[in-house]
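Same chain, two partners: chain A is paired with chain B first, then with chain C.
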Partner chain A sequence: MIFNHIGYYSLVFGFFISLYLLFFSMFLYLKGKLNNQLNLNIYYFSSLQLFLVILSFISLIISFILSDFSNETVYYNSHTTKPLFYKIAGTWGNHEGSLLLWLLVLTLFIFIFILKSNNQPKLYRLLSIFFQQIIITGFFLFLLITSNPFNYLFPIPIEGLGLNPILQDPALVIHPPILYLGYVGSSIIFSSSLAALIENNFSKIWAKHIKNWVFVSWIFLTLGILLGSIWAYYELGWGGFWFWDPVENVSLMPWFSLTALLHTISVLEKRQLLKSWTIILSISTFSLSMSGTFLVRSGILNSVHTFANDPERGVFILTFLFILIFLAVFIFFFFSKNIVNLNEKNFYWLSKDSSIIINNWFMMYFLSVVLIGTIYPIFLEVITSDKISIGPPFFNKLIVPFLIPFLLIMSFGPKLKWIKDRFNKLELDKIFFFVISILISVLIYEKLGQKNLLITILIFASIYLFLISLIELIKSRNNLSQKLSHFGFSLLILSILFNGLFSKEFSSNMKIGDQIEFDNKLIKFKNVESKKGSNYNSIIASFVIEDENKRISKFFPEIRIYNQPNIMTSEADIKTSIFQDKFFVINFLKNENYFNVRYQVKSFMIWIWISTLLIVLGGLIGLVRKIK
Partner chain B sequence: MKKKFVLVLLLIFFSITFIILYSSLHKVEIYIPEKITNKSTIKFSAKDLFSNKEIDFNSLVKNDKLTIINIWASWCQPCRDEHPFLMKLGDDKNINLIGISYKDNIKNSKKFLNDFGNPFSNILIDKNGLISINIGAYGVPETYIINADKKIFKKYIGPLKEKNYLEIMSLSNENN
Partner chain C sequence: MYGKKVKLRIFFFSIIFLAILLTTFLILKSLEENVVYFISPSDVKVLPELSKKKIRIGGMVKKDSIETNAKEILFIITDYKSEIKVSFSGSIPNLFAEEKGVVAEGFLKDRNYFTAKKILAKHDENYMPPEVKKALESKK
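This part shows the complex of A and B:
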């Protein structure tokens, strides 16, 4: 009860503080000076703002822990029988709470920015704070007007409606916060690039300082996408890790843009080039992150989701997003004359700079494919009322062939010198690896027989990158972060390919006592028993798989029937080993004696996670080395 | 010159994007007929709010009238918003409007109807919410249109709007 009030009023106060900071920073900027006293002033107010948002967030968490159903958000998303862990996670498992989390991260990041940017020109800092406060104010308004997490319910309901059980998963508990850290980090990049543009502050020091923020957002965004994928694999029970679902695509788009920025910023740092392009990428990364939030939160993408679906929210985010985009476009056009490009045309074709530009082209291509695949159905529906759905084949056909040149360029690009390199050294080891890669891919082609040529070439390209980057990793520790990430990427593509090529699936309807042969193994359905969990009842089936050598492995897939809300989920039994996952899942059928049984052998599953973690680790090492 | 041209082009592009996304917001169709039509017939019985007698839902469906189920609760704000439409639907002689009182206190339910009017021919009590979940409800308010086979053929999630109301009225006129 009381926490409802504390939470709400701290939000209101926080809003006024952001208004104050907004005008104060503009005022100081126009006056053109910032002495230490005023600097402290900004610092204090921004820490107060952070404190208030934290207070509000903690109040919401406490309301969830206490199951205070006088709070509308708690009522809709929690239940007394839910385990404590998921009660807490329920705080950000819903629209209102997750927006509050956005706001928390926004205020946290601007606070860190103020702390860490002391060596930057004062006017640039003020302007960055100003832009960032515009975003923060917008989010405060959004929360207070359309999505107040502290709405009061009277009469107080006795029991809550519960959290969707498929959201009750450890990976999903940390997935949204991590993803938001990535999204919000891009807001800092957005604000400070606009400020840098106006102030014409493109020094080496600026590039270094903003590179940290690019790294931070990129690490969290990558990790966030990985966690979402892990959740989909373990919880959805479809046995896949990426479905080209619009909600997934929406997180992938800013990633492409941010990855392009990550590479471009090095060119800016080293050669003072590509300034405008850096700005454009900063703007687009943030706009894409915001559109992601818009598309998911407005209900355009998941209209079946909730009854609390409110077009007003969509209108708000959409308007806010476009105000920011228009603001950015105007600033870009009016101030881009500030950018002096001394030697913009000065790119030699064989140099690290050029290879980074090529990387950017590929990133933009991948981005456009995903963007069109995600947005086009919405546009078409509005204009012609036709409903189409764009599925995995579209993305696979358009992306897979282009991965081949992308991987090849990735295998030699990083080793080129800045500015100009020469082509006189044909190293023996490279030719050696080239031949080995061809041999391995041909072997795989032969073994599989009927598979297509494109995949074989792709396997060749990724094995080549794999070997080259592995050798580079062993040779020296220079530039470790880049080498590790590229190595991780080659491993990722290889694992995805092998996963697609070697996985096997069996699906059938079985009843107790049935035996079916599959892939030289015998699948036996032994029995079922029922069990009671904390907030669900479950039916556990036991299966035995016997291979030709009479070795036995047992599987216990489960069906859970949650009591609040009344939803059934299938819990797969997954056995993970180094080279393959065995994935066993059952479903109810209308005819009660039979179950639908699915058994999948997924090759190299765990390597998809490991390789993505390597990519993230590369970023992390880069960040740590930079901060030192 | 070239720069201004690009600027204008960009502005036009973003404006169009804005307009399209804006109108897509209003296109979000909240009823999902195709998912529900195959569901088995609705079968349940519950206590009546006023008489407190156990009533079988089947006995309430009449062949000559369009049967509509509305799930509501006194504590639910959107239910108040849609209530004027329900009142109008209740006035229509060709419509048989049945209410389900969802997880509600009986006293509060009665007071709500006293304050805002009672459009329902019958109100059945769903104290723990099980009936509503069994017929496929996500929450309150929801409105279902039932055909002669006692199957749901249209479902509105969330409060009824002017547009939905007109749609239901035209359905009711077709029926006769």
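This part shows the complex of A and C:
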């Protein structure tokens, strides 16, 4: 009860502080430079704002822990029998709470920004704070007007409606916060690029300072996408890691843009080039992050995993987003004459600079494919009211062939020198690797029943990059972060390819006692037994798989029937080994005798996760080295 | 004549232009081939011709319509105006149940019979395909 009040009023108070900061930072900016110190009030009020949002967030968590059903959000998303861990996680497992988390991260990041930007010009800092406070004010309004997490319910219900059980999962507890850290990090990049543009503050020091933020949001965004993917793999029982579903795509689009920015910012730092392009990427990364939230929350996307939701909220975000983009584009055109690229004449095709530009082209191409594949259905529905969806073949067809030149350029691009390099005589080890990669891919081509030239060339390209980056990694520790990430990327592409090529799947309806042959193995359905969990009842089936040599492995897939809300989920039984995952999942059918059974052998599954973690680790090392 | 620098620039821009043209062409062509239309059982009845292409049909699973045997699952998708029989063999998602929303992807055999290749999952037990929602609302 009391926490409802505390939470709500700290939000209202926080809103007024952001208004104050908005005007105060503008006022100080217009007053101009008196000294180089930031007015102390900015520090005080920013920390107060952060404190209030934290207070509000904690109140919501406490309301969830206490199962205070006078709070509407708690009522709709919690239940007394839910384990404590998921009561807490339920705080951000819903729309209102997750937006409050967005706001929390926004205020936290601007606070860190203020503390960490001491070496920057004062006017630039003030402007960055100003832009950031516009975003923060927008989110305060959004929360208070359309999605107040502290709405009262009267009479107070005795029991809550419970959290969707598929969200009751450890991966999904941390997936949204991590993803948000990535999204929100891009808001800082957005605000400070605009400020830098107006102040013409594109110094080396600025590039270094903003690079940290690019790294931070890139690391979190990559990690967030990975977690979502892992969750979909084992909790949804689909047995895959990526489905080209719109909800997944909207997180991938800012990733492409941010990855392009991550590379471009080095050119800016080292060569003072590509200033306008940096700004454009900053604006687009942030816009894509915001529209991601908008599209997921609005219900506009015809996604196979759309959550039921409220269109009015979408309209608010859309309007807000539109204003921000308009503001950004206006500022860009008005101030872009400030930009002078001094080094433009010193530009040569064979250099690190141009290889990074080529990387950017590829990123933009991938981005446009995903963008078109995601929004074209919406577009068509508005115009012709036809409902369509665009499946994986579209994306595979347009992305896979372009990966070949992309991987090959990646194998030599990073080693080129800045400004200008020249063709050296061919090195022996490279030819050696080249031949080896061709041999391996031909071997795979020969071994496979179903032959596909494109895939073979792609395998060759990724093996080549894999070998080259592995050798580079062993040779020296310079540029460790870049090398590790690129190595991880080659491993990722290889694992995805092998996963696609070697995986096998079997599905059928089976009764107890049935046995079916699949892939020279015998699948036997032994029995079922029921069990009671904390807030669910479960049915555990036991299966035995016997191979030609009579070796057996046992599987115990499970169906959980949650009591509040009354939903069934399947818990897959997954046996992970170095080369393959064995994935067993069952489902109820109406006819009680039959179970819907699905058994998959997923090759190199664990390497998809490990390689993505390596990519993230590369980023992390880069960040730590920079901060030092 | 133009200088070397201008020539280089013209060359550069024409390459970019060509690249953009090529990309647009590729994307549009691929779109044309890979679009899957989403229709309701009522739409199936009034289709001018049955296409051989893959489509999605969305609606509710009719009450008491699910039948199972070792090979396949049979059920009826309804939008409370028309209905269509569906046969499916493969794995079903958790939230597949009678009187819940469902989206099936596959091929039309005739106007009353649909062979599904995939049944799509929904995250949310309250989710309904928009058509069904409209159909239900207009019934009230």
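Here is the rule we use: the second predicted complex is superposed on the first by the 611 of 628 C-alpha atoms of A that agree within 3 Å, B and C clash if a C-alpha of one lies under 4 Å from a C-alpha of the other, contacts with A are read in each partner's own complex, and residues count from 1 in each chain.
Here is the rule we use: a residue touches a chain if its C-beta (ideal position, glycine included) is under 8 Å from a C-beta of that chain, and two chains touch if they have at least 3 such contacts.
If you're wondering where the values come from, they're calculated on a predicted model, not measured in any experiment.
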Exercise for the section: Identify the partner contact of A:V382: answer first if only chain B is touched, second if only chain C is, both if each is, neither if none is. Expected result: first
Practice task
Could you tell me if A:L161 is touching chain B, chain C, both of them or neither one (first, second, both, neither)?
Solution key: first
Practice task
Answer with first, second, both or neither: which of chain B and chain C does A:G500 touch in the superposed model?
Solution key: neither
Handout entry: First (chain B), second (chain C), both or neither touched by A:D514
Key = second
Handout entry: Partner touching more residues of chain A, whether chain B or chain C
Key = C
Exercise for the section: Based on the superposed arrangement, let me know which partner A:F326 touches: chain B (first), chain C (second), both, or neither? Expected result: first
Practice task
Kindly classify A:G413 by the partners it touches after superposition: chain B alone (first), chain C alone (second), both, or neither?
Solution key: neither
Exercise for the section: For A:L153, select first, second, both or neither according to whether it touches chain B, chain C, the two together, or no partner. Expected result: first
Exercise for the section: Return first, second, both or neither, reflecting whether A:G240 touches chain B, chain C, both chains, or no partner chain. Expected result: neither
Completion exercise
Residue overlap on chain A between the chain B interface and the chain C interface 304, 306-308, 565
Practice task
Using the touch definition up top, name the residues of chain A that touch chain C in the complex.
Solution key: 164, 166, 236-238, 302, 304-308, 361, 365, 368-369, 372-373, 376, 386-391, 393-394, 397-398, 507-511, 514, 565, 567-570, 585, 587, 589-591, 594, 596-598
Problem - chain A contact footprint on chain B (complex, rising order) - result: 3, 6-7, 10-11, 14, 18, 20-30, 32, 35, 74-75, 78, 103, 105, 108, 130, 133-134, 138-142, 157-158
Fill in the blank from the handout: The answer for chain A against chain B in the complex is residues 76, 153-155, 157-159, 161, 294, 298-300, 303-304, 306-309, 311, 314-315, 318, 322, 325-326, 329, 333, 378-379, 381-383, 565-566
Completion exercise
In the complex, chain C touches chain A at residues 19, 23, 26-27, 30-31, 33-39, 56, 66-73, 89-98, 103, 120-128, 130-131
